[in-house]
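Before we start, here is the structure in question, set down as structure tokens.
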Amino acid sequence: MTPKPEIKDILKEVKQFKINKDTNISSLIADLSNTGFSAKRLAIACEIYEAMINDEDCTKFFGLAGALIPAGFQGIIHDFIEAGFIDVLVTTGASLTHDIAETLGYHHLQGSVDLSEINDVKLHNEEINRIYDVFLPNNVYEGIEDFVSNLKIVDDTMPVSEFLKFLGEELPTNSNSILKICAEKNVPIFCPAFTDSGLALQLGFHHQTLNLNHFKDMLEMVNLAWDSKKAGVCIIGGGVPKNFILQSLQFCPNSANYAIQVTMDRPEPGGLSGATLQEAKSWGKVAEKAQYSTVISDATIVLPIILWYLKKSIK
Amino acid sequence: MTPKPEIKDILKEVKQFKINKDTNISSLIADLSNTGFSAKRLAIACEIYEAMINDEDCTKFFGLAGALIPAGFQGIIHDFIEAGFIDVLVTTGASLTHDIAETLGYHHLQGSVDLSEINDVKLHNEEINRIYDVFLPNNVYEGIEDFVSNLKIVDDTMPVSEFLKFLGEELPTNSNSILKICAEKNVPIFCPAFTDSGLALQLGFHHQTLNLNHFKDMLEMVNLAWDSKKAGVCIIGGGVPKNFILQSLQFCPNSANYAIQVTMDRPEPGGLSGATLQEAKSWGKVAEKAQYSTVISDATIVLPIILWYLKKSIK
Amino acid sequence: MTPKPEIKDILKEVKQFKINKDTNISSLIADLSNTGFSAKRLAIACEIYEAMINDEDCTKFFGLAGALIPAGFQGIIHDFIEAGFIDVLVTTGASLTHDIAETLGYHHLQGSVDLSEINDVKLHNEEINRIYDVFLPNNVYEGIEDFVSNLKIVDDTMPVSEFLKFLGEELPTNSNSILKICAEKNVPIFCPAFTDSGLALQLGFHHQTLNLNHFKDMLEMVNLAWDSKKAGVCIIGGGVPKNFILQSLQFCPNSANYAIQVTMDRPEPGGLSGATLQEAKSWGKVAEKAQYSTVISDATIVLPIILWYLKKSIK
Amino acid sequence: MTPKPEIKDILKEVKQFKINKDTNISSLIADLSNTGFSAKRLAIACEIYEAMINDEDCTKFFGLAGALIPAGFQGIIHDFIEAGFIDVLVTTGASLTHDIAETLGYHHLQGSVDLSEINDVKLHNEEINRIYDVFLPNNVYEGIEDFVSNLKIVDDTMPVSEFLKFLGEELPTNSNSILKICAEKNVPIFCPAFTDSGLALQLGFHHQTLNLNHFKDMLEMVNLAWDSKKAGVCIIGGGVPKNFILQSLQFCPNSANYAIQVTMDRPEPGGLSGATLQEAKSWGKVAEKAQYSTVISDATIVLPIILWYLKKSIK
């Protein structure tokens, strides 16, 4: 057993820094890595993501929960995939529903959370749905329904991931679509809670014999982990995508060597979304020597910064 | 259009109160209803739950996310069901896994979050998994595996809810088991993200032809909502159970007339777990005139208080 | 150096529990002490407070921040003092202002956070101020002004704590007043940010030569800590009261032996309000072997429970 | 009374956006202003700060709470002042203590929050204090003590703000020092809870007759607000600085026309730190027609971004 390092050998100087006209995203992140609190964690997250991209043995798992697409970050996630920064995507049924809406040419709307301006009852009467300060008119669902009802589904019992690839192929060309770029680049999408979505509701209504095989997805995900020499994971928001990736990584020979999470959830209430990445070591989901960083932040602020850093750093 | 009430007619006096030897849970909640902040919301939540139990036309939907069973609240949830306070349960695969573990006689362990005492790497070496300050030795999973591998599953394509009833029947008698009491009392359990769990992993490994029909669950849940004259909903923690209940209630003729949520999540990051119940009105999930209360709190504090209040109040 | 205990010796069984007609606050807290997450921390906080009351050598410091009095918890805090559960109170100027308002017979009002019902601009026009879901008409300040302007202040440079005792003596008899009961029971009140309050503004306007000596308060607080054989601390909400108590306890020969905090703030942003009690050990504010518990909760839920438990337990 | 605008006239399209090699901080903020959630609020905060700098009638109040200087953001705040982006600074005694430490040439240290690496008891034994993941050796306080004990204080009853100007003049030249740049640029610093700090403790020990006049500060702050044609406010972290600015702005003829806050605190527990800026309208602290934005985020991420944006935008 190697002796524990002395505290004075672990600590290093915090460096005050400046921002000026020569500041760029690389220099900012380098400066933030010498600071503390969330800024330091963000800097480390950027560096870990860069390292996992540069590690050719690493399979990059990406868990996406939360309404990022309605909020305007569909193109950001699309570009993570297009740039090859995601090998396996796990997401929610809601994200897929939102992705289809935008891909079909519908748009979410931006507004206020001031209820004295925009009242939820009035919204209901005008058939507009609210997601915090983003809004979605009901007619979007009619457009999705047209698309869904016309699908020719050749196999009612294919895995969800296979069905999602089919969806991506059926969707029109769109420079932001997540389903489309995943289909084109052969990036598998898993969605363990698929039936918890407006998309699945419409599928269920129009294709009554559908029984997509969720168990095959689960086993395929385990196989992907099993076959990964190394694994890296980036968790946005927590939820089912976080747990589904981490439960699979228990079967990865080396667990996750790189781990990032961006979330507003915290550990104290005991839910998995807020659980520390350190805790995941006890489960064998994250490796003992892994590089890891949790950034307590809204992903809408942090995700563009990470992408900006990666676009600049990765040649 | 009726005129808006004057502000002075909406506001009423905050009443300072005392606690003494005659205080009981009913008097405490009555006192808290005259206060502000979270205490008032808790009091209102108690009163709403009481009202929805006393409303014979109301179907009571209960969404459960988070590791409440490992933390020691299996008996509390069991008793909500036994007392008839829950008509439809929606939960996570993890909760079901935890419920089976405890029902088979295994126990979760209580410890510290002080990592200088209990290190996650050391835990991993000793095959003990951590959920914040609660711990689970790996051998529990071996016990679950024995149970799961011996199941005789007669229909590979039944809905998850039907399978969960079967599980409840197969489990030994236990005074705290959620699966057992649901089977006995015919309370349906839905689990849209079932394959996101240790239980499903073991099922998948041992029963390779299993393809439980998640779409039938989804449609059955819509039917339950559709057939409800009135609906009441109690959301613990958010997550998939929250969304699955609320998406179904869009099909309830009157939406939810009663709505409670207990969560540490907040609206600002835009995720559904933290979304306000008011926002759900815009979607037609919660009725315009609904009674509703969100308590920002750890459910481990609030849930026993609500049950205590209900046990005292409901004759 | 004693060997570290084995993990298996630290962990003990989580015990599922029931609530029934014989449940009382003592049995509930005893049951919660065998659970996890926030409920366990609340149970431990109750037991620590009980222990520090029963320890005759312990000086009990109580830090109070947040608008608890407007929300209806003035009587609760009053009773902590009346029962002898607080030896030294540190609070905010706002709390003192609120206490005077209620003591003079004014009342805060209870309302909704639904801005479509109660709009802040309209409130301003009607001269009603909002504190989340609690409201305060401007005329309250006129009443406070009458009281303040008529004060005969004999010494412009007395410490704030001495001035607060004088205020308590001048106030009318009131069964909930914190200033009154502190004056009667000779419990010192410290308020380091006194001039950050409506009360101080009115004092400054009407008593232009006032220069209360804040440094004497600071040194007196250090003396109180210095003279304490043992110290116990209960922090509600954080803020200046938390730091002022903890900075003084660095001068207590044994630091704090008992420490409780109830707050919604978290450690990650690096502010003192959310800092862990463990961190306070590094500063010598909390003793190495101290009993301590942080409850992440709104104090309006937790404080009545703690008082209820103490009233039942302390003979 | 003008009719309320229709919902459809308030809502506008969320625009998906891209990040590429031509992205700069101005274009990123412009893109984020078309999104939702925290990113949109950050973009609006940047634009409001820009507007208040460009408004020559606007006095810019800046409230600073939290350990930003230990974390490495002393230079950032220094540069806000140097660039003329702050007219009046209100802060905590801790921030002033930290500023003096760094200005005298001491450095805070960066480390881990992993308690299995860095134990708080061991830290105490090695005389190193912890602020989350930042560390401060005790010998820093000895350096501050040397500085403080040698001060020649000519007037024991000057206001705190005057004393802080004197401190700034006495400190050595330093390109990051907040006290120094404020003294040089004649930017007043207010610190209502001054005696709640290590700096004040050392002053009190070495200058026993000191009785800095806090009431004069309070009245001077009211005068500054009173004399402001327009006011703008940027709140970092909340606490006493937030309340002290806002209570003064009640006396500004037009209240605040611009208001920004960056905090991790939330409204639900009822404390002022987390209170909405909208609520401040009911008090007459923020103007009815004010531009305002609350960003729920760690300031260490957001403050550099705002400064970067301003440096690029302001000519």
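By letter and in written order, the chains are A, B, C and D; residue numbering begins at 1 in each of them.
Just so it is clear, a residue touches a chain if its C-beta (ideal position, glycine included) is under 8 Å from a C-beta of that chain, and two chains touch if they have at least 3 such contacts.
Keep in mind that this is a model prediction, so the values were computed, not measured.
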Query = Which chain has its C-alpha centroid at the greatest distance from the C-alpha centroid of subunit D?
reply = B
Request  = Could you please state the distance in Å, as a whole number, between where the Cα atoms of subunit B are centred and where those of subunit D are centred?
outcome  = 41
Note = Between the Cα centroids of subunit A and subunit D the separation in whole angstrom comes to 33
Ask   = Just curious, how far off is subunit B from subunit A if you go by their C-alpha centres, in Å?
value = 26
Ask   = Which residues does subunit C have that touch at least 2 chains other than itself?
value = 36-38, 67, 70-71, 114-115, 120-121, 123, 128, 131-134, 264, 266, 268-270, 278, 296, 298, 300
Query = Graph of touching chains, which shape: line, ring, star, complete, other?
reply = complete
Query = Once bound in the complex, which stretches of subunit B touch subunit A?
reply = 65-67, 70-71, 94, 113, 115, 120-121, 123-124, 128-134, 157, 192-198, 200-201, 203-205, 210-219, 222, 237, 239-240, 243-244, 247, 264-275, 278-284, 288, 298-300
Task = Report the residues of subunit A in contact with subunit C in the complex, numbered from low to high.
result = 36-38, 114-116, 119-121, 266, 268-270, 296
Ask   = Residues of subunit D touching subunit A in their complex?
value = 4-5, 7-8, 10-21, 23, 28, 32, 34-40, 42, 67, 70-76, 79, 102, 107-112, 114, 117-118, 122-123, 126, 128, 131-135, 176, 264, 278, 296-298, 300-302, 304, 307-308, 311-312
